[in-house]
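The following block contains the structure, expressed as structure tokens.
For clarity, chains are labelled A, B, C and D in written order, and residue numbers in each chain start from 1.
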Amino acid sequence: MKAERLLTPLSFLAITAAVIIMPAERSGWNFDSVISFLTAFATTVAIFAVITLGLNVQWGYTGVFNFGIAGFFMVGAYTAAVFTKSPAESEFVRYIGGFGDSLAFLPFLDSGQWLPFVFGSVAAALMAGALAFALSIPTLRLRADYLAISTIGIAELLRAVVLEERGLVNSARGLIGIPRPFHDFFEPDDYKFVYFGIAVLVLIVVFVAVERGIRSPWGRVLRALREDELTTAASGKNVFGFKMQGFIFGAMIMGIGGSIYAYERGSVSPDTFTPFFATFIFWVMLMVGGSGNNRGAILGAYIVWGIWTISLQLQGYDMPEFVRSRIFFVRDLLIGSLIVIVLLLRPAGLIPEERKVSLFIGRDTGPRPRGPTAEPQPPDEPPPD
Amino acid sequence: MTVLEAREVVSGYGEVEILHGVSIKVEEGEIVTIIGPNGAGKSTLLKTVFGLLPCKRGKVFFGGEDVTGKSPQVMARKGMCYVPQSDNVFPSLTVQENLEMGAFIRRDDYRPKIEEVLALFPDVLERRYTRAGKLSGGQRQMLALARALMLEPSILLLDEPSASLAPNMVELVFSKILDINRSGVAIVMVEQNARESLKLSHRGYILAMGQNRLEGTGESLLDNEEMGKAYLGG
Amino acid sequence: MTVLENLMLVPGEQLGEKLWGPWLLPFLVRRQERAIQEKALEVLDFVDLWHLRNEFAGNLSSGQKKLLELARTLMCDPQLVLLDEPGAGVNPTLMKRLVAAIEELCYEKGITFFIIEHDMDLVTRLCNPVIVLGEGEKIAEGMPEEIKADERVLEAYLGGQYQ
Amino acid sequence: MVQAIVQILITTFVEPLTKALRNARERYPALFDILGAAAIWLIFAALVLWAITSEAQLVVIGIIVGSILALGAIGLTLIYGIMKFANFAHGDTMMLGAYVAFFVLTGTVARTAREDTELPWSIGSLPGALEPIGKLTFGYGLIIGTLVAAVVIALFLVALNHLVYRPLRKRGSSIVVFAVTSLGLAMVTRALMLIIWGPDPRVYVSGIHIADKYDLGFTTITLKADQIFMFAVAIVLTVLVYFLLFRTKLGKAMRAVTDNPDLARVSGIDTEQVFTWTWVIGGALVAVAGVLLALQTQLNPILGFVLLLPLFASTILGGIGSPQGALAGAMIIGISQEVSVGIDLSIGGLEILPLAPAYKFSVAVVIMIFTLLVRPQGLFGAKA
């Protein structure tokens, strides 16, 4: 029992220690490089946590079994890239749109790129939402496993389109040179901290928005239909409508996550959005952290990305060539085994779902409306019939 | 000789307890009917006896042997068969294959037994190579009975054999049950149709609230003043 | 879902059920939530489930679930409540509570009840006009005492030849 | 705002449409059933007719691919029908089977990611093991390798069943947990292949394979002896599985468990034993399918996941739990995929759908989603 309770803080501490000590040791205890490593690490965690929050809305709260996260992630990243980049100039780089500079006709935008950044994220959210809307009509009524297979198929189909349609988004070569928000205002060395701030800000905004939504009557309906669609329908709720809203809301969050990913990297390429990397890892994050819990989703992103990063760090150590050359595959093995072990031994995740009723009222308010009854209530009923 | 005995059985689904100590006894060659209001725990009792639900307290004896907590496979091997209330045939298997599945655990040649069992149910025999999913409700019930007979059981547990059947079919099913019983098989059945079932039973039990309420011979229960109250009321 | 949440789910037209509600108008949503919660707690108190308000509904006994279902119907201020076998699978203690609750609602709040039940005790105690159905037809209608004396009713239940 | 728009969109477009569809489906269930099946069959028939006349070569390749897919899909459909969950690890297991055969044949493993090392002895060093049989490109060594792979994969899956799936089943986990677990196992399997054999593609027999020309009267096709072998193996194994399911006691028990697991248990069928046998049969079939696939294309760890979608498409199209359905579905998917490369839908000089080879697998996805919409129980599925 006690060991159970220690599991969450211990895993958190172990990961934290590893991501600090390993780069420190490798850089010869160079403090600056450790800090910049940690910043990059934390930025990625924040970005992936946003996407995991989107998945949590879909799976953890609405019960929609989406195996096509890669699709929404990719749509978000590409939309943001296309909206903020300047139009294609070279013959070798071809993509549609490129609206980034065309907004310069608005005088107040002339100085910097702060609006295009927000603009790109909003567009990413809208595009991902629109995709979810289009998908939900045929697929959302399907059984959970059919839905999973369909969404994974659609995500792959989208990736095939991106790869194959040369005029669309530069196919396999991807897009580079995506403008990074506020990049011109800061020293290149400091910029990583700024972007970390931006990522965390986005994460906080998304977290608050999701918490508010979930811990409200809206979320209550979602959780109700996740548990029992028939009874929820009997309470006069439009089950399909709410399911669709949850799916679209989650997809929009994934789109936002995709957009800040694109800004952070400065480039996007279809190689990133494979089912194994871009879908599976978010499921691992959510399952490890605990589905149905937003803090769990963030913790899961931290721990899983920590393991991912640490295993990459191992490459720098002195070790036999036959291990070193396979370090990437060992990492896949680790992540794959991790989810199987978690589902076998701790299916609720590190932080299980909370029993909070509503954000707008406390968990337990006030005395009994008609005052306490004469005799104290028995703790529980006698054996039920 | 007592074939089956359940002593103070406590059981239920998961945390919820439904039976709070029920005892029944079945002698060799008897028909015993268990009646009671909805939620009294009749079906739960059958499932617990057959090992489909864990028996939390109490004992089940079969042929003098303690079989508490044994799995359904073991029960079937020992000669106890169970016919669930609904979904009691394999719809995509033919009638013949359904019967073969009934004899799944038999190692010897069961083909003569199929002929023998089918002879008992002429209208199922006619449709021997049709898929069971295409049979009518009454025929399915017959097939389910036939399937349970494939193991030559010494006792048969029937969960509401007359449920959702047309009245003439009910009569037919009950007459078949009587036939089976005459061939020496003890029968325990749970029924809603109290009047008809008690008429053909040797003895009956009335359950309520997961406890024994009344017990006696079929006629005595039918005549009993309290019977009306117990069956109609909780 | 906890018992309390089960009840708070029921009222329709909640502002907070629109996703923008909790984001843009938190104060209004909060006020509405408080009102709904208050009502839910009152209803829970009424059916004597108040002490179980934070329990998961799945962990309740079947009798308590019946009470919860009754409570759910009360959340939308009904004029008429249909109950299908409220007495089935309810133990005597809970049954007393249920009967008391129905009586109070009926006589004090003026809610009409339409109950399908085969427990004669409960029927005699609660219902004024009783309709007896048998084999898809109405056999009798009247006050409980009349019904109990009715030949055909007795026959339909236990079979005339034994009476 | 957005939500309001979505709400309006739902109420004006989606709801009336789905409602009308649902009403129609409720009123004329038989009609919809027939229409759904007929639509799929008709589309397919038209496609085949058109394809045979114009692209006979592609159809033939499609049949070969279809027969390979069929072996994988039969295993998948059995597991899906009996264990009631979508096994996302099936494609990678298929590739693992191909690699095990490769290992048995050549004894090769990767020393580092790009360098190989060979074991001192392997089946390939037996006298004449690599000598081509007749016109085929491989010798009896590969056949031994395939048999060993079938056994190894069957044991591997049985071990996974005992270590992973059975505990999950005991806890009463949902299909979602099973699906995510199997996806995790898919990743583990792929990582194992990458660790042991490295990321580079491999072949069983290198060199140029000569194809024969066959004159069909209206057109000529080229076909390798290996491909005829693949088709024959697939058909023979499918027939064997059919006999197993419909003529043997175990097979009937498997169908019984697919129908109604609870009743099967009540009848005294040991369902855990049936599950084990299902993994054995599915594993053996998928290992053979993997070897055949590697003969047709190459050995490559990443192919496993790519195969998953056509496999699922075949399974769903044919109807879950139905082996003959899986065969028909796999043929339809295989032919459609291959023929799609030849499709050049140009209207009035405007190229609207230049189907590139990369869209091969998208064809499977589109067919699958269409099936789920029109006839979710598939072509051979009995239950609505």
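Quick notes on this structure:
The rule is simple: a contact is a pair of C-beta atoms (placed from the backbone, for glycine too) under 8 Å apart; a residue touches a chain by one contact, two chains touch by 3 or more.
Quick caveat, the model's predicted, so the values are computed rather than measured.
For chain D, the chain whose average C-alpha position is most distant is C. Compared on C-beta pairs in contact, A-C and B-D come out with A-C as the pair having more.
Averaged Cα coordinates give chain A a centre that lies 54 Å from the centre of chain B. Computed from the mean C-alpha positions, the centre of chain B lies at a distance of 43 Å from the centre of chain D. Looking at chain D, one finds that residues 3 touch two or more other chains. For chain A, residues touching at least two other chains, in rising order: 245, 383-385.
Listed for chain B are residues 16, 39, 209, each touching two or more other chains. Within the complex formed with chain A, the chain C residues making contact are 1-2, 4-6, 8-10, 12, 14-19, 21-23, 26, 29-30, 33-34, 37-38, 41-42, 45, 50-51, 53-54, 56, 60-64, 72, 89-91, 93-94.
Those residues of chain A that touch chain C in the shared complex are 209, 212-213, 215-218, 220-221, 223-224, 227, 232, 235-237, 245, 249, 355, 357-361, 363-366, 368-370, 377, 381-385. Chain contact summary for the complex, chain D toward chain B: residues 249, 252-253, 255-256, 258-260, 262-270, 382-383. Residues of chain A touching chain D in their complex: 59, 65, 67, 126, 129, 133, 137-139, 141-142, 144-146, 148-150, 152-154, 156-157, 160-161, 163-164, 240-241, 244-245, 248, 252, 275-276, 280, 283-284, 287, 321-322, 325-326, 328-330, 332-333, 335-340, 343-344, 347. Listed in rising order, the residues of chain B touching chain D in the complex are 50, 52, 72-73, 76-77, 82, 84, 87-93, 97, 100-102, 104-105, 133, 147, 151.
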